[in-house]
Amino acid sequence: MIRLAGVGKTYDDGTVAVQSLDLDVEAGELVVLVGPSGCGKSTTLKMINRLIEPTTGSIEIDGRDVTRVDPVKLRRGIGYVIQQVGLFPHQRILTNVMTVPLLYGESKATARARAEELMALVGLDPATYADRFPHQLSGGQRQRVGVARALAADPPVLLMDEPFGAVDPIVRVRLQDEFLRLQRDLGKTVVLVTHDIDEAVKMGDRVAVFAAGGRLAQYATPAELLGRPADDFVADFVGSTRGLRRLAVTPIDPAHLEPLDGVSMGDLGAAIDVSSTLEEALAVLLRDDKAVVGVKQGAQFVGVLTPNGIHRALRASLAD
Amino acid sequence: MIRLAGVGKTYDDGTVAVQSLDLDVEAGELVVLVGPSGCGKSTTLKMINRLIEPTTGSIEIDGRDVTRVDPVKLRRGIGYVIQQVGLFPHQRILTNVMTVPLLYGESKATARARAEELMALVGLDPATYADRFPHQLSGGQRQRVGVARALAADPPVLLMDEPFGAVDPIVRVRLQDEFLRLQRDLGKTVVLVTHDIDEAVKMGDRVAVFAAGGRLAQYATPAELLGRPADDFVADFVGSTRGLRRLAVTPIDPAHLEPLDGVSMGDLGAAIDVSSTLEEALAVLLRDDKAVVGVKQGAQFVGVLTPNGIHRALRASLAD
Amino acid sequence: MRVFSDTWAYLSAGSSWTGDRGLLHLMLQQLLLTGTALVIALVLGLPLALWLGHLGRGGLLAVNISNVGRAVPTFALLALFVTADFPGTREFGPYGRAGLATLLALALFALPPIITNAYVAVREVPADVKQAADGMGMTGLQKFRRVELPLATPLVLSGIRLALVQVWATATIAALVAGPGLGRVITDGFARNEFGKGIAGAVVVAVVALVLELVAAAAQRALDPVPRAPRRNRDGGMSGGRPSVAASDAESVGA
Amino acid sequence: MTLLAQVATAAQPSCYSRLTNEWFCGQYLHDRRADIVDATVQHLQITVYAVALGIAIAFPLALLARRLPRLETTILGASTALYTIPSLALLPLLVPFTGLEMRTVVIGSALYALTILVRSMLEGLRSVPDDVRESAVGLGYGASRLLLRVELPLALPVMMAGLRVATVSTVALTTVGTLVSYGGLGNLISDGVFTNFRAELMAAAVLCVVLAVVLDLLIVLVQWLLTPWTRGAQA
Amino acid sequence: AGDDLSSKDTSSSSSASADQGDLTIASQSFGEAALVAEMYNQLLTKAGYHVDVKLVDSRDAYIGIFPKSVDVVPEYVGGIVNELNARANGDKAKPFEAGDGAQLAADGKQLLDDAGITLLDVSSATDTNAFFVTQKYSDDNGVTKLSDLSGKSVVLAAADDCEGRLDCEAGLSDDYGIKISKLLPLGYASDQTYKSVIDGESQLGETSTTDGTLASQGLVVLEDDQQIQPAQNLVPAVGTQFLSDHPDVADVLNPLMAALTTEKLTELNGRISVDREDPKAVATDFLTSEGLL
C-alpha cells in the first residue's frame, strides 16, 4: 500500500534527518513510528504526503510514485492529523470538519451532513459543538476535531503526527481507546507518529523504532518488539520493564489455563473474558487480591489463571 | 511543617479553584499533589508562597501564619520551581542560579561557588554550561537549572509545579531519578505538583489526589492509594491497572521469599537485591524468561521469588 | 534632467555647506532639534509607559490616546505653539521661539511609538519569567530592574529608533513657521525656483535619516542583553525587527 | 449671499475678528459652516483614497517580501526611505506628473503610509501559526486558497492594527496637501497660520483629531465584525 | 483660502449666461490673491464658465502647469515676469526691475510669448513689498520714508527669501544704505514678523503695500522713495491659446482691473484679515458696488 524505498532527507543546512529508509505499510494496517526526539519521525511522515520532498529514494502509494502526482491532489487523498492539531481558529468546528469535502467541490449540504456524522463518530455532539470556535473547546475535544477533519474526505490513508500529544495522560488514554475502536470499523491504512513507547505498543499493528538520523532500528509487531528487541538501542528504548509491557500485548492462550476443578468459588475474583490480555488478567488478580482469576468464554468458565500461569503463558507466547 | 486549614480560593470571575482544603506536610517529607487538569493544584501550591492570596482559611509554615509575613521575605525561604521553568533569558546559566543568593546580599564569590556546586549537583558541568544562555540548553537541561536555582538559597521548603513537565518521557524518567537521589541527600520539605499518577506514585512519600474544585479526594502513601482507593473517583484516576502499579511501590518482604533449595542454577535468571521493589522482581522474571528470580542481600542469596510469591507478597503488604 | 544636475551642483559646492545658512549648520540645528525633542519625549513618556507596563494595566488607554495624538497635524500643533503667546527666548535658533514650538510639537509626535513600545515591551515579558522572579522573593522594584527592564530593552529601543527617524524626517516642517533646520533649504529652494537646492535639502534629510536608522539599529543590537540565536525574523538593518506598534495595537483591539 | 447681512451688522468685533482672535469661537463655526464641511469632506476623501491606495500597493509588496526573503530588507528599507522624503519636497515634485489634482495628495499620502502598512502586513502574515498553515497544506489547500481562506483572515488582527496607525497618521499627513491646493482641513490650518486666525486653526486641528478617532473606531468595529473568533478568546 | 470646493457650488447655482465650458483658475492662497481669484470666479461664472479654483501655497505649485492645465491666474506683473525669467534663464538671471506696470509687462513680452501666456490690462492697484516700523519708532526717530533710515543699523524681519534680493535686503542696503545688522526670516507679513517688530526684537518688518492690518496693530509703512520695488500691478494672466478661443474673458476681467486701486484693495484686505469677513462675501460686495456683477 505505502512503500518507502531508500528514502533519505538532508535539510538545506546539512542536517541528515533521515538516512536511507525502507518501510512497507500494508493496506488496512496501523503502523506506528516511534523513537527519541529529533530522530526523523515527522520528517518521514511528511515525506509521504510531500509536505517535505525527499532528497533520495522513492515513495509509492498503491504502486504510484507520489512525486509524479500533483501534491495538492495527492494530499486530498490522504488524511493528515498534525501534532499541534492545527484547527483553523477563525472557523467554527463544523466548518473546520467540512473543509476537505468542500475542497473536493462537494455541495454544502453533503459536506455538512458528512461533517455532523463524523463529529458524532468522534464523540462530539454536533448540536452542542458545531457552532463553537476551536478556542472554546478543551484540548482533548480539539484533538478529536482534528481527527474528524482528517477523516472527512474518507481518505484510504491517514497520517497522524503525535495526534494525542497535547493532552493530559487521562484524556490521552481515552482518545487512544476511541481511536482504536474507530479504526476497527474504518480499517484505514494509518501511519502514526509518537515518541511514547507505551502508545506505540498499544496502538500499532506493527511498530517501527527509529534511531537518530532516521535509522530503522526494528520493525516488528509489539509482542516481538518487547520480547526480542533487535539490539541494545531498542532494548534500552522499550525500557527495563518491557517484560511487564509484554503482558499488555499478549492474549490469553487457552492452552495455559489451569482447570477450574479444586478452586473454591471464594478464591475466584471477577472473571475475565478469554479475549483479554494477560495484563488484564494480572490486573484483576492484583486488584481483587485473589490467588486465581476465572476465565470465561461467553458465559462459560473455561479455566483459571494463577500468577505462575500468566508467567508461563507469557514465556510460551514468544516460542510460537 | 506546612499546614493548610480550610483553605479556599475563589477567583475574581467566580471560578472556585479550591474549595476548603486541609493538608499537612511533615518536615522532610515529599508530598505530591496530583489530579486532573484544572483541579486547583497550581493554585494550592501558589497559595503556600502567597503568589496567590487565599480567600478563606489559613496557611502556616513552622507554626507561623504566612499572611503575617512579608511576602518577599517569605518567598526567600521557599524554593519555587515553576511549571514553565521561567529562567531569565537575558542571564547566563550561572547568573540565573546565583540570583537568589545575590538577592540575599551574599558576596559574588560565595554565590558563585554555591551556584557551581549546585550545577554539578543537578548534573550540569559548570565548565560547559555556566556561560551559556537558557536558549542554548535543551528542555531537560533547563529544567535542571530551574531546580538548581530554587535550591540555591538552601531553603528548607521547596515547591515544584510540574518540574518535569516539559520534557519527553525518557528524559523525564532520568530527571525523576536524579531528583529522588538528590532529595535523599538534602531532605527538604517538598510539595510537588503533577498530573501524572505514575510520577506521583513514584516520587511521593505521600500523595494527595485532588478532584475538581480543589477537593482532596485522598491523602495517603502510594501503596495505600493503589491498594485502597478511597472512592470511585480515586480508583478511576489511578486506573484499572493500579494493581500493577502497586508492584512498583511495594518492597520485597523477606518473609515471602521461597528457599533457594531445589532450584537449579539454570532456572535462575539475574539476581536482584532485597531492597528492590516487587515490580523490579517481576520485570527481571519476565525479561529473562525464567520461572524464578534470585534475591540477594549483599553478595549472599537469601531466597528466590516466583510469580506466585510476588503475588503473595503484594497481597500481604496491604494486610500490614 | 537639469534638476538633477542642479542638485548635484548644489551638493558639491563647498559654499552650500558652510556658513550661517549652510547645510552643515542647518543639519546641526536639526540634529539638535531632533535630539532634544526625543529627550523630552523620553523623559515624559518612557517612565510612565514602563511603569504602566510593570503594573500591567492602564497602558492600553495611554497607548490609544497617544496614538490618536498622531492625528494632530504636527503642522497645526506648530502653528498653535507659534501663534500662542509663547514665552520663548527672543534669540533665534534651535532653541529660539519657533525652535521651541517645534520642539514641543516634535516631542508630542515622538510619544506614540515610545509609549506603545515601552508599555508593550514590559508587559509582554513572559509571564513565567515574571512569576519566577516573584517566586524567588524579588520586590517589585527588583523585578522591574533585574528582569523586566533588561528583557524589554530591545523593543523599547526599537520604539525609540522609530521615533528618532520619524522625528528627524518631520523636523523639516519647522521651516513652515520659519523655524530652524534643513527644511529651510527645501522651502527656500522651492520659493526661489532653485529646485536643485530644494531637492538637495531633501536628499540630505533622507541620507541623514538612513544613517540615523543604521546607527540606531547597531546601537539596538549592541544593547540587546540576549545574544540572539539565529531566528526567523532578523532584527538588522532597516527591517525594524520585531512587531512593535502593530503588535501592541492588536491587543488593544482584542481587549 | 446670505452672509452679507451678518457682515453688515458686525459693528462690534466678532469673537474671531483679529482684534479679539479667540481660540474657540462658536460664531466662526456657524458663519463658515459650509467651508468647514467642505474641507472635512475633502479631508475624508483624501484619507480614504490614500489608505486604500496604500493597501493596494502594500499587499503585493508584503507578499513579495515574504516569498523572497532576500528582497525583504530591500522592500522594508525602500518603504522606510520613502518616509524620510520631506513632504515639503515630495508634493511639489509630484505636481508636474500628476497635476494640481487631488490625486497628487492621495499618491503622496499613500506612499507615506506604505512604511507602516507593508510592515504590519508582513507581521500579520507571519503571525499565522505554523501549525495551522501546515495542516491546511496537508489537507490539500493550494497556494492561493491558503492565502485567501486561511492566512488572510488570521493575519487580519495584526494587519488591522497597522491599518489603524496608518489611517490615523494619514489624517494628519493629509493636511500638508494644502501645498498643492488639496489639503482638506489643512487648507483651513494653513490659512489660519498665515492670517493668525486662531478659531479657524483650532477648529480644523480639533476636527482632524475627531476625524481620526471616528475612522479609528470604524476600523475597530469592522475588525470586530470580521473576526468573530477572536471574541472572548482571552489569554 | 480653502474654499475652492465651495466655489464650484457658486458656479453651478449662479450661472446665467450661455454655457462657455470649463475654466481653471489657479492662484496663491494668501488673502489678497484668494480674494482676487474669487472676484475672477464670480465674474467668469456669471459669464457662463464652469470655474474651478485651485489655491496653492506658492506660485511654483502652478507655474509648471500653466497654461497647460490652468487657464487663468490672477497675477502680479513683476511676479509672473520674473518667475518666467528665472525659469527661462536660471535663478541667477538679472531680474526685471521696471517700476511701471505697463512698462514691465512690455519688457517681459518675449518671455510671456514663449511661455504661451498673455497678460490682460494692468490694474493701477499694485502690491509690492513694503517695509514697516512701529508708529512709536516712526515718531521717536522721525522716520517716514526708507531713506530716513540711511546709515542706521536695524534688525530686519522678513520673508525667507529676502536675503540678497534687490527688492528686499540687497536693495535696502545698497540703494538706501541701511545697515541690516541681522535678518530674521520670520515670513512675509506674517504674525511672527509683526510680533517681532512690535516687541522690539527687530525694527523693520516686511509686508505688502496692501496690508490691511497695519493700522490696527499700530504699525506704519515707510515710503519707498527710491523705487527699489519692481512694479507689482495686479494683472490677469491668461493662456494665449485659451484667450484666442475665449476672447470674452478679457472683456470680463479688464473692467475689474480698471475698478481696482491700491487703496480699495487695502481696505478689502483689512475687512478680510482684520474683521475676517468671508472673502466670497467681500468679493460679491465689491463687485456689486462697482456695478460689475
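The first chain written gets the first letter, and so on, giving A, B, C, D and E; residue counts start at 1 in each chain.
In this section, a residue touches a chain if its C-beta (ideal position, glycine included) is under 8 Å from a C-beta of that chain, and two chains touch if they have at least 3 such contacts.
All of these numbers come straight from a predicted model, not from anything done at the bench.
Asks: Any chance you could name the chains that touch subunit A and subunit B both?
Replies: Chains that touch both subunit A and subunit B, as defined above, do not exist here.
Asks: Just the chain pair, please, that has the highest number of C-beta contacts.
Replies: C-D
Asks: Using only Cα atoms to place each chain's centre, name the chain farthest from subunit C.
Replies: So the chain farthest away from subunit C turns out to be A.
Asks: Starting from the Cα centroid of subunit D, hunt down the chain whose centroid lies farthest away.
Replies: Chain centre farthest from subunit D's centre: B.
Asks: Using mean CA coordinates as chain centres, what's the gap between subunit A and subunit D in Å?
Replies: Here the centre of subunit D sits 55 Å away from the centre of subunit A.
Asks: Could you state the distance in Å from the CA-based centre of subunit D to that of subunit E?
Replies: About 35 Å, centre to centre.
Asks: Whole-Å distance, subunit A centre to subunit E centre, using C-alpha means?
Replies: 89
Asks: How far is the middle of subunit C from the middle of subunit E, if each middle is the mean of its Cα atoms, in Å?
Replies: Taking the average C-alpha coordinate of subunit C and of subunit E, the gap between them is 40 Å.
Asks: For subunit D, what residues touch not just one other chain but two or more?
Replies: As it turns out, subunit D has residues touching two or more other chains at 92, 190, 196, 233.
Asks: Taking each residue of subunit E in turn, which ones touch at least two of the other chains?
Replies: Within subunit E, the residues that touch at least two other chains are 58, 60, 190-191.
Asks: Judged by the touch rule stated earlier, which pairs of chains are there in contact?
Replies: So, checking each combination of chains, I get A-B, A-D, B-C, C-D, C-E, D-E as the touching pairs.
Asks: Please output the residues of subunit C touching subunit E within their complex, sorted ascending.
Replies: For this pair, the touching residues of subunit C are 21, 82-83, 90, 92, 97-98, 175, 177-178, 184, 187-188, 190-194.
Asks: Quick check on the complex: what are the subunit D residues that touch subunit A?
Replies: These residues of subunit D touch subunit A: 129, 131-132, 134-142, 145, 150, 153-154, 227-229, 232-233.
Asks: Inside the complex, what are the residues of subunit E that reach subunit C?
Replies: Going by the criterion above, the answer is residues 58, 60, 83, 86-87, 91, 160-161, 163, 184-187, 190-192, 199, 201.
Asks: Can you list the residues on subunit C that touch subunit D in the complex?
Replies: 67-68, 70-77, 79-80, 82-83, 165-166, 168-169, 172-173, 175-177, 183, 186-187, 190, 198-199, 201-202, 205-206, 209-210, 213, 232-234, 236-240, 243, 245-250, 252-254
Asks: What residues of subunit B sit close enough to touch subunit C in their complex?
Replies: Counting only subunit B, the residues touching subunit C are 49, 51, 72-76, 80, 82-91, 99-100, 103, 133, 135-136, 149-150, 153, 159.
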